[in-house]
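See structure below.
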Amino acid sequence: MPDFFRRKPTFNREDAEHSDGPVVPDGLWVKCTSCKDLVYSKDFERWYRVCPKCDHHARLTATQRLNYLLDSGSFEEWDRGIVTADPLHFSANGDAYHEKVQQASQKSGQPESLVTGRGRIQGYDAVVAATEFAFLGASMGSAFGEKFVRAVEKAVELRLPFISISNSGGARMHESTFSLMQMAKTTAALSRLGEHKLPHVSILTDPCYGGVTASYATVADIIIAEPGAMIGFAGPRVIEQITRQKLPAGFQTAEFLLKHGMIDMVCRRSDLPETIALLLLHYADATMGRHTPGYAHASTGKEGDA
Amino acid sequence: MTSTAPAWERVQLARKPERPHSLAYINMLISGFVELHGDRRFSDDPSIVSGIGSFNGRTVMVIGHQKGTNTKENLDRNFGMPGPDGYRKALRTFHHAEKFGFPLICFIDTPGADPGLSSEERGQATAIAENLLALSSLKIPTVGVVIGEGGSGGALAISVTDRLLMLENAVYAVASPEACAAILWKDASAAPEAAEALKLTAQNLYEFEIIDEIIPEPEPAHEASDEAILRTGKTIERHLTEIESIVSDQGIEHLLELRYQKYRNIGAWVDQQEAVISGDSPDLARQNGQTAN
Amino acid sequence: MPDFFRRKPTFNREDAEHSDGPVVPDGLWVKCTSCKDLVYSKDFERWYRVCPKCDHHARLTATQRLNYLLDSGSFEEWDRGIVTADPLHFSANGDAYHEKVQQASQKSGQPESLVTGRGRIQGYDAVVAATEFAFLGASMGSAFGEKFVRAVEKAVELRLPFISISNSGGARMHESTFSLMQMAKTTAALSRLGEHKLPHVSILTDPCYGGVTASYATVADIIIAEPGAMIGFAGPRVIEQITRQKLPAGFQTAEFLLKHGMIDMVCRRSDLPETIALLLLHYADATMGRHTPGYAHASTGKEGDA
Amino acid sequence: MTSTAPAWERVQLARKPERPHSLAYINMLISGFVELHGDRRFSDDPSIVSGIGSFNGRTVMVIGHQKGTNTKENLDRNFGMPGPDGYRKALRTFHHAEKFGFPLICFIDTPGADPGLSSEERGQATAIAENLLALSSLKIPTVGVVIGEGGSGGALAISVTDRLLMLENAVYAVASPEACAAILWKDASAAPEAAEALKLTAQNLYEFEIIDEIIPEPEPAHEASDEAILRTGKTIERHLTEIESIVSDQGIEHLLELRYQKYRNIGAWVDQQEAVISGDSPDLARQNGQTAN
């Protein structure tokens, strides 16, 4: 085996405390939301917010996600200025959508529920899109869709692979059919990506439902899920309510989806960068337009500027 | 029925069991229709009908959600809510039509995709997503008509077409008013308000440029079924002829570019950094006609 | 509706008595193998060898099949001289394959288990291939494969639709891997047919198993089965023997396959010619290379000589 | 092992549980292998492994039947007998490889396709047939290697490749000797005679020009696993390089034409009407080298 398949990960954790996750100053303890055990915060961080006792993968913010996944300092964010325009002037029960957006923005520190840009994963250039669950449950509205499509189109322009990291409650009801149509819009963009022989690697994290699962997130060359992530079309409560069916244990977990053939693999968070980098190495043959032998070629793919 | 009828009234009309469903349209508009069955994988889903026939002299393939007109039929048809097998039957039809260069006509009429346990097990989300992908690059003319309820992703999975038409009393939204009310009003009985807020009428969606034409119902389709269907047939014909002209004049790749731009341009957003109204063209700016906060 | 969709079938029964089926002189009775009732032989013939009491569709010979399906006098047979060459010099337990072939030929009146040629179905020209079950269970050997592929290639050359009517016990063991490879050979030919936008309509009749079901017979644009026909990959006895599973009632019937999404329709024998003709009318748009409106065009398709 | 060993002995060798199975080949020959799972329809079938990796510096996709080396593994892997989900996983891999232009390598090692009730319900025959169709027109170089048992349609479904190689002690036939004996000898214990009659050895199939090369086993692969695997790797490389040259010199369409002719020409028949040895070319005549009765 060539050595470089075993290159050590070089994660960047320096920006982790800028995230809006549970802030855990050095030396304190945090409580795992799954096993309820107390975990030493430094361990929690060292293990990428995965509980060392029960392996629970806690949710990450978009910022945390990109910090863990991308090489230090490699991320260049795009289209941060794109925000929703409230096309329906939506208001429910006195709650105006535009106010909810403002609150979500303040709470999450993000102007929208998707962060897009370009970065490097273990040396491999890629376009990345990561959802921000703290922003209205990472629901897919117009701004989400527009940012997503621009990122895909930019990947085509730059001939770079496309990596999406998703969790989401689904559609953004406040934008109604505008939101629904983002499913078509994001998927159509990926169709173009594929025509250019550029791969889409989709990473599904907890929880991933509705319009996102039923569009771009499952239209991928490789689908990877984090352990225990809940993934589906309809949520378990909706299913139970409507059908009165008793749902089996483990229903809609990543492991359930693997068994039912819907995803390529379940991958622990700590193994993600290395796994993605390995895939990008393999796809470099296609990305770089070369189908002939030669690792030398493939390794220049890391620059991604063909 | 005036164009200012409240949204909730439209929802009630769109759901009327007596309203013509897909097979009524097919039987009247498609000559020599042969229904084709099955997904070649798991089952034949009766909530989706699909087949081949002749529409005004040209061979077409047709797909439609199929609701029942009574309880028994509705149980047989799962209330027009397809499972993954239904979407895969549709997918097979897409590719069949593409192979032979037949135009595709889709009739949309569903409360939504089936939310059951076994649908999840067999990949409901994946099935819908694969249809969206396939439709976006299908190298044939495609026309969709929302004839009743356009419910969420379950409707979208057969509606991403070159031209999307809508009957006057049809509705199309991201969620049912009841579901929306339950979530955002915390009260399902607020459905009428939710229906209004969701802007789900044909008139709304035409103004948003999400649909291409409203097919008028001088009388509601459940009271004047033949007229509604024939009117729909004429409207489909006009759009199909236009699309066929585009293909013969400018090639199928141009049609695919137009289809891409059609969905690419749906959305209402602003770019705060540029501090201008967003959009790539004056047309688009109108569509995304919102000012920055 | 245009009138010609309802043209009356014009079946040709004149050659029926040349078949090797149960010969039933005028005025006699035959016993239905399914309901055991006695049926007046003229009725049996009039109903295309379908029992008027229980709707049992009795097996047909290739000749009977073509006589019932094709317009009278329209069939032109091809490649009747192609026969197996016994590549393995196969002999089992003292039974030499070449002797079995001779017996089968005498018994069935056919030189091989597939009859191919060109004919008309309600006025529509098509290439047809029909299996002869009385010839070694219509197993697929080298001669079968060669005749099938020649017929498909001829359909491409003549720009005609291709209709196959199959029943089969599966592979022809006496030709071992040669037989197996006919699955690849016949399917590859159909791939070419499809590239030329010519349709393959496959008609599955009782019983249809093994290599035939798992190759060309299910690689079709439209799959039609006769009522009650038994269709599958492994036979019920094999399944019960190997897996010790109890098979449900109706297992592997045409109706079972329809329910499980494997076929487009179950079609009574008497409706077959009209159904196929209607399909051929629809496909004429593609067959004739015209995707523009005009019944006038489609109807010239009946000549099939574009 | 001499090339004249009786067929039945080969069958026993081909089935040895200690004989290297697909994953052994993959682990030794494919760098950075990433296994990919699932058919995106129903399940992940463990009797087929599939994935992406690097073979001598080029990215390839690999599919193999996977038998176990002990009873527990064999139960987990269903003895290497795929159901429709396994073949659909392979089909997905075919298309994945084609999309990106990656060559495809298939390791064949199965007693046959799964003969169970649920496999029939989900369309075992259809799944195999669709794979044959896909392989016949896949626009990438494809190489198959029979490493152990090549059992019937279940083996064929991943073996219709540009080059079909076979290990010296592998076997490939239309049915297992036991099944053949039970049917034609009416006695399963006649399997050794059936094995002989089926002409299922690599040597037989090379003479019939059904396979392209025999990979020698100076010692049986179960006793010299690494050597057999490395030798196999070298043989695959040589054929793959040849195919890649064909593609770069004459284009992928030429490769597809060669593949078509390869399978088109398999068969032993005579045309009695012409009363000559059949075949379209002198080459073919040699292949179909039988005289008319």
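Letters are used for the chains, namely A, B, C and D, taken in the order the chains are written, and counting of residues starts over at 1 for each.
As a convention for this text, contacts are C-beta pairs under 8 Å (C-beta built on N, C-alpha and C of every residue); 3 or more make two chains touch, one makes a residue touch a chain.
Because the structure is a prediction, the values reported are computed rather than measured.
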item: Third chains touching both chain D and chain B; value: A, C
item: Chain C reached from chain B - shortest hop count over touching chains; value: 1
item: Centroid-based (C-alpha) most distant chain relative to chain C; value: A
item: Centre-to-centre distance between chain D and chain C (centres being mean Cα positions), rounded to whole Å; value: 29
item: Chain centre separation (chain A, chain C; CA means) in Å; value: 52
item: Euclidean distance of C-alpha centroids - chain A vs chain D, Å; value: 39
item: Contacts with two or more other chains, residues of chain D listed in rising order; value: 40-42, 122-123, 126, 130
item: Residue list for chain A, restricted to those that touch at least two other chains; value: 260-262
item: Those chain pairs that satisfy the touch definition; value: A-B, A-D, B-C, B-D, C-D
item: Contact footprint of chain C on chain B as seen in their complex; value: 31-32, 34-45, 52-54, 56-59, 85, 89, 96, 99-103, 244, 248
item: Chain B - residues contacting chain A, complex; value: 113, 115-117, 119-126, 128-130, 132-133, 135-137, 152-153, 156-157, 160, 172-175, 180, 183-186, 190, 193-194, 197-200, 205, 208, 210, 259-260, 263-264, 266-274, 278, 288, 290-293
item: In the complex, chain C residues that touch chain B; value: 1-2, 5, 194, 197, 199, 221-222, 258-265, 275, 278-279, 281-286, 291-295, 298
item: Residue ranges of chain D in contact with chain B within the complex; value: 40-42, 84, 88, 122-123, 126, 130
item: Complex contacts: residues of chain A adjacent to chain B; value: 79-88, 90-93, 95, 98, 111, 142-143, 145-146, 149, 171-185, 187-192, 195, 210-211, 213-219, 231-234, 238-239, 242-243, 245, 247-248, 251-252, 260-262
